[in-house]
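Two complexes are shown next, each including subunit A; its partner changes from subunit B in the first to subunit C in the second.
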Partner chain A sequence: MINRRHFLTTVAVGTASAGVLAACGTGSSTSGQTGSADNPVTINYTWWGNDDRAERTRKAIALFESKNPDIKVNGNFTDFAGYWQKRATEAAGGGLPDVMQWDLSYLRDYGQRNQLLDLGTVKINTDAFEKSLLPSGQIKGKTYGIPTSTNAFAVYYDPAKLASLGIAEPDGSWTYKEFNTFLTEVGSKSNGALFGGTDYTGVWWMFNVWLRQNNIEAFTSEGKLGFSKDDLKKWWNLTADLRGTPAIVSEERVTQLAPKSPFGSNVTATEVTWDNFMAGYLGDSGAKELKLVPVPSDDADNLGLFLKPSMLMVASAKTKFKDAAARFIDFMVNDPEVGQIFKTSRGVPASKTQRDGTTFEGTDKVVVDYETSISQYLKDAPEPPIVGFGTLETSFKRIASDLNYGKLDINGATDAWFKEAEDLIKQNA
Partner chain B sequence: MDARAGYTFLLPWLLGFIALTVGPMISSLYLSFTNYNLFEPPKWIGLDNYITLFQDERFLQSVGVTVGYVVFGTPLKLAAALAVAMLLNSKRRGQGFYRSAFYAPSLIGASVSIAIVWKAMFGDSGPVDQGLSFFGINLGGWVGNPTMTMPMFILLTVWQFGAPMVIFLAGLKQIPNELYEAASMDGAGPVRKFFNITWPMLSPVIFFNLLMETIHAFQIFASAFIISNGEGGPAGSTLFYTLYLYLRGFSDFRMGYASAMAWLLVIVVGIITLIFFKTSKSWVHYSGDSK
Partner chain C sequence: MTTMATPTQSAPETGAPVYNPKSESVGAKRAKSTVFHLAALVLTGIVLYPGLWMIASAFKPNSEIGGGNTSLWSENFSLDNFVTALDGIGGVSTMQFFTNSLILALGAVVGTILSASVSAYAFARIKFPGRSVFFGMMIATLLLPFHVVIIPQYIIFQQLGLVDTYIPLLIGKFLAADAFFVFLMVQFMRGLPAELDEAARIDGAGHVRIFGSIMLPLMKPALISTSIFSFIWSWNDFLGPLLYLNTPEKYPLPLALRLFQDQTQSSDYGAMIAMSVLALLPVLIFFLIFQRYIVEGVSTQGLKG
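Take a look at the complex of A and B:
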């Protein structure tokens, strides 16, 4: 039995490698292989997201293929967590897909290690982009990613739930103390049926917003931590009095509900996160409408907010179809019809051409209006974070969860995170 | 001449063994002494990975979780397997059906779908929570409660007792009935018969099952990965060794570190196996010994 299995595997490997060798022998010009309508080239495209996004992406791909008969796009998707594990194995084997949806957190990991194509060497039109946004896709002067869209941090709430508790809707001009009072009020008025929110100090990007409110940079230009242990302790202390009370949903519930969020599961009245999660939350919760207001800040003039590329389009450094990949990326970020298909499910379209060509209604309009309303507070988008940032973001969430479980106290949690962060920075130095 | 023919026929297997097992093992041994992030060539760092391991709290936690699982899960599973095997080792109608029914979970138990079912069963207001609440025990969902996740995983492994059970059954059939008859004549009760006949006669099979199940338990991965969404939570209570190894390798891109973990596991399991074999002389009786 084992003999046969090993034999079959050997044969399979042999056959596959012969195919790879054969593939290596063909075509090599500067723009890579090109196809024709009769003999189209096929590029692989991969993205993360739920079924809703998959449906929209398939529509966009079909549209692209009808406009570009010389290119076929082979699409493939997974959820966010599994996405990066897959990319890691593919990169190790030299087989990244030609075009990929990408996240800012992982841009350095792959860009700095020569896994991504320098998009400055191919033709992609970026005239319609805000000049302040493009640097988020650049590392050391080379462009590795083109933002598809932007998102910003916000507080979500469900007006119907607040109305049923007799609580006035917030206007978003609040300090952390006022925000905490609001969360507590929800918890006490609902008698525990509805929690105020999730522990917002467990979210790295909210911490980053808070740091910006205090004029502290998260990472220095040398790739070191820009904040101290005391800063992090202060941050985790913000909700110290709320943990274990109905103001904040218990970590047990959060774990049970995962991968759905407590807010999407109608367990909490608010959620502090990216504004492009709107479509997902509406679908999950079944709420009629959800509203967005700015995050709390103790400095009314500095909300620490910024527009982040909610996702980027990148190409593999090893793609054999540079020209086709560039045309597909250009299409996905600029085409107005693509904007019509995605609306705000990827975030608010970054390219003005695409944004102007899209009609936003209902909840999509809520997201666009929110980003317009905060425009006076917006500061520069962050540069791509340090190598290994994805790991740090995950461990931030995990350690904050340990804090909520009572496994660690604030000092222990701070030490644990700093140890992991310093170890990681040393590792990648 | 015969040898050459033999090797020729072995060749397909041998090639696969070398290319797919020995080769990767040797390269992982090399990688365990390097800093390797999957993208750039590995950098030799000597024993650093092995030294860092013992200062890594998450690693020590994963060892604790795994050892707890092996120490409690394996004996319970074997006890269940032996008990059911003894119940099924009699000539009654429908035994074939019962054997299949008890064996089935071990075929599907390690699958992704069962892990998902398990997660749903032990979640908030899942059947387990509801059933216990009916008797006035309000534990809430087990999945989100760090103290209840381990019992949940142990139940999952105990439930898959079918594979060792079948082996126990085969072993029980080998015990000559005359021994029991003679013991009955001398007035031995069922407990006496179990400890003086069944246990020693079955000891080689018990030994085999104990060894296989222990090694197997160290490698738990899929169910932990699914139930904890690949994170090892809540509060690290399901951070099994192989799960942490996987996270280190494929989430944190520290393949050298992960390789060191893999080799440490191989060495430790090897040592445990050796200890089992050494101590087995005192309690395992092979039929050849007395014949």
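Take a look at the complex of A and C:
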């Protein structure tokens, strides 16, 4: 008898499809095919993002097509998680789109597998870029990605919440001790209604900033870990006295609030993260205004801050239209009118031409002003993270939350993370 | 009130504590039934709560959904989320997403019904060399996870130039590639008495006639179950459309729903939930219309001609 409850979730697909592979693809010259106004070439461009980005990108594409009548751009988009599933399948099947929006953490993986076009072989103008930023799109001297825009680490706070507690707004020149005192003050003055912040030692990039403040590199040029267990212990000890107090929101609460962040849910007064999350926090929390100040540092001259490409543009290694792809990338990263269209929704424009050609107002201005204010402290952008970096970042967060749950002590947490990290690096070596 | 009063009143009237099995069992029955219904209601409440949460949240402003807001109902009741949801995404109207989903789901139903029933007839009623081997192989494809075949399949469709069409998503349905449904129908057909088709054969009917005039009408319950499940699975399928469709104009609803969320920008949970509510309606309606046939299917199977 058929048991209808045993639904098989896997839908098996038969191999009925005939194994006839069409031998398609006309022989293309190495410089790629070019089009003309009467007979334009069509390139595929894909990005992740929401409705808002789709609308802005559509405008940018229309502008590009009107300026370049010999090229048509076919734009497609999906959400971030689906985006990478789709790219992985396409890469395996040899069908990556011509031009793609890209994330730094996937650059090395695809670059090393020769899936991405070496953009040094085509004409893209990078004169208007900070020299310290470009290496983050390069692997072993080859340029695989051009940054569209940058983001930097910052401490967010909600001025209205601080005012209601009678706490002065911070100016961003603080040591870790002062920052901890500030978090504790928020927690104690609000009588538990508001936490100081989330445990910032659980954020990988904040750890990275702290390492830079102490002149330690996160990864060596050989792709090994550049810091010791003692460094990590010191880091996780920074908030040892705050865990379980109103200074830091409990891990149970964080889990209950997901997918929203505690800061976006109006449960904490501060959050340490990237400066381009502003629009998301404003939308989630409904707050009128949020402000940004630099991260704490025990060395007032070295804040360990850097600009990271919030997004890059890459091309497929197999594209038949290299020139067209290069012209589109050049347009998207340099054109001032494109800057006007996107404002800071991709991050702060990386190219000076584009940044100067854009007028920033309101929230956009807060983010741009912040990046300008820290410009004297900025150091070189990091190289593309090692393969499997995403896993390392996630396990860093997970182990730090076990620390907050009290499942692990600092020694145990350090050993656990190092073991995972070393295994992963060995696997991908 | 009267139910509880009956046993206590009747006892003193007889003057002695006479055991009254009938009234006591009625009382016990009622108590039992009350407890049962209360428990059932509580369980229903728990099971339905996520659905209730979804519907309630669809009417809330974005900043009040999830996070620290635990109350089910918001005082800022509004239909804004539905307006945003119906606005479409990136220039593609929401109706377009609905139409696409409907094309895919109905295509899947038609394809599966046509192909699976014919294949099942062959397996159940025609003796051909290697039948059990082929049947075994078909069952074996059930054990093959979808994720194993994704890449080879993608390469085939990509080389054939069929990516960004509905063909990769539907062709399998028309070729009886859903082994689960073939298996379901084979089992159902094996339960039908062989005397029926023997009688038809004596009257001169061939396989086409037997299949069309005898088997298909008797298989109605199995066909209905198959329709329901292939409709719902196709309606909810995310990975297939994600991999094979590129143009947003061709996206079905599950892909569109994800576009309201963005990790790197702001997420519009309100519009996403409003659209989820809308996306749920067709499945619900489809299920409500056909669900009584499932029950009918089970009882007919019990009778067996």
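The definition used in the following text is that the second predicted complex is superposed on the first by the 366 of 429 C-alpha atoms of A that agree within 3 Å, B and C clash if a C-alpha of one lies under 4 Å from a C-alpha of the other, contacts with A are read in each partner's own complex, and residues count from 1 in each chain.
The criterion applied here is as follows: a residue touches a chain if its C-beta (ideal position, glycine included) is under 8 Å from a C-beta of that chain, and two chains touch if they have at least 3 such contacts.
For clarity, every value in this text was computed on a predicted model and none was experimentally measured.
A.B. asks: Would you sort A:251 into first (subunit B), second (subunit C), both or neither based on which partner it touches?
C.D. replies: first
A.B. asks: Contacts for A:405 in the overlay, against subunit B (first) and subunit C (second): which applies, first, second, both or neither?
C.D. replies: Only subunit B; A:405 stays clear of subunit C.
A.B. asks: Tell me which of subunit B and subunit C touches more residues of subunit A.
C.D. replies: Counted on subunit A, the partner with more touching residues turns out to be C.
A.B. asks: Does the superposition put A:259 against subunit B (first), subunit C (second), both, or neither?
C.D. replies: both
A.B. asks: What is the contact status of A:428 with respect to subunit B (first) and subunit C (second): first, second, both, or neither?
C.D. replies: The answer is first: A:428 touches subunit B but not subunit C.
A.B. asks: Where does A:85 make contact in the superposed view: on subunit B (first), on subunit C (second), on both, or on neither?
C.D. replies: Both: A:85 reaches subunit B and subunit C.
A.B. asks: After lining up the shared chain so the two structures overlap, which partner does A:77 touch, if you call subunit B first and subunit C second: first, second, both or neither?
C.D. replies: second
A.B. asks: Touching A:114, do we find subunit B (first), subunit C (second), both, or neither?
C.D. replies: The answer is first: A:114 touches subunit B but not subunit C.
A.B. asks: Check subunit A for residues that touch subunit B in one structure and subunit C in the other, and list them.
C.D. replies: Touching subunit B in the first complex and subunit C in the second, residues 2, 7, 10-11, 13, 81-82, 85, 89, 92, 259 of subunit A appear in both lists.
A.B. asks: In the complex formed with subunit A, which residues of subunit B make contact?
C.D. replies: Against subunit A, subunit B makes touches at 12-13, 15-17, 19-20, 35, 37-40, 52, 57, 123-124, 140-141, 143-146, 229-231, 233-236, 250-255.
A.B. asks: Please name which positions on subunit A make contact with subunit C in the complex.
C.D. replies: Within the complex, subunit A contacts subunit C at residues 1-2, 4, 7-8, 10-17, 19-22, 24, 44, 46, 48-55, 58, 74, 76-82, 85-86, 89-90, 92-95, 97, 257, 259-260, 264-267, 276, 279-280, 282-286, 310-311, 345.
A.B. asks: Which residues, counting only subunit C, touch subunit A once they are in their complex?
C.D. replies: The contact residues of subunit C facing subunit A are 61-64, 66-69, 89-91, 138, 141-146, 149-151, 153-161, 163, 171-172, 175-180, 184, 187-188, 225, 229, 233, 238-239, 242-243, 246-248, 255, 258-268, 294, 301.
A.B. asks: Help me check something: in the complex, which residues belonging to subunit A touch subunit B?
C.D. replies: 2-3, 6-7, 9-11, 13, 81-82, 84-85, 88-89, 91-92, 109-110, 113-115, 251-256, 258-259, 388, 390-391, 394, 398, 401-402, 405, 407, 416, 423-424, 427-428
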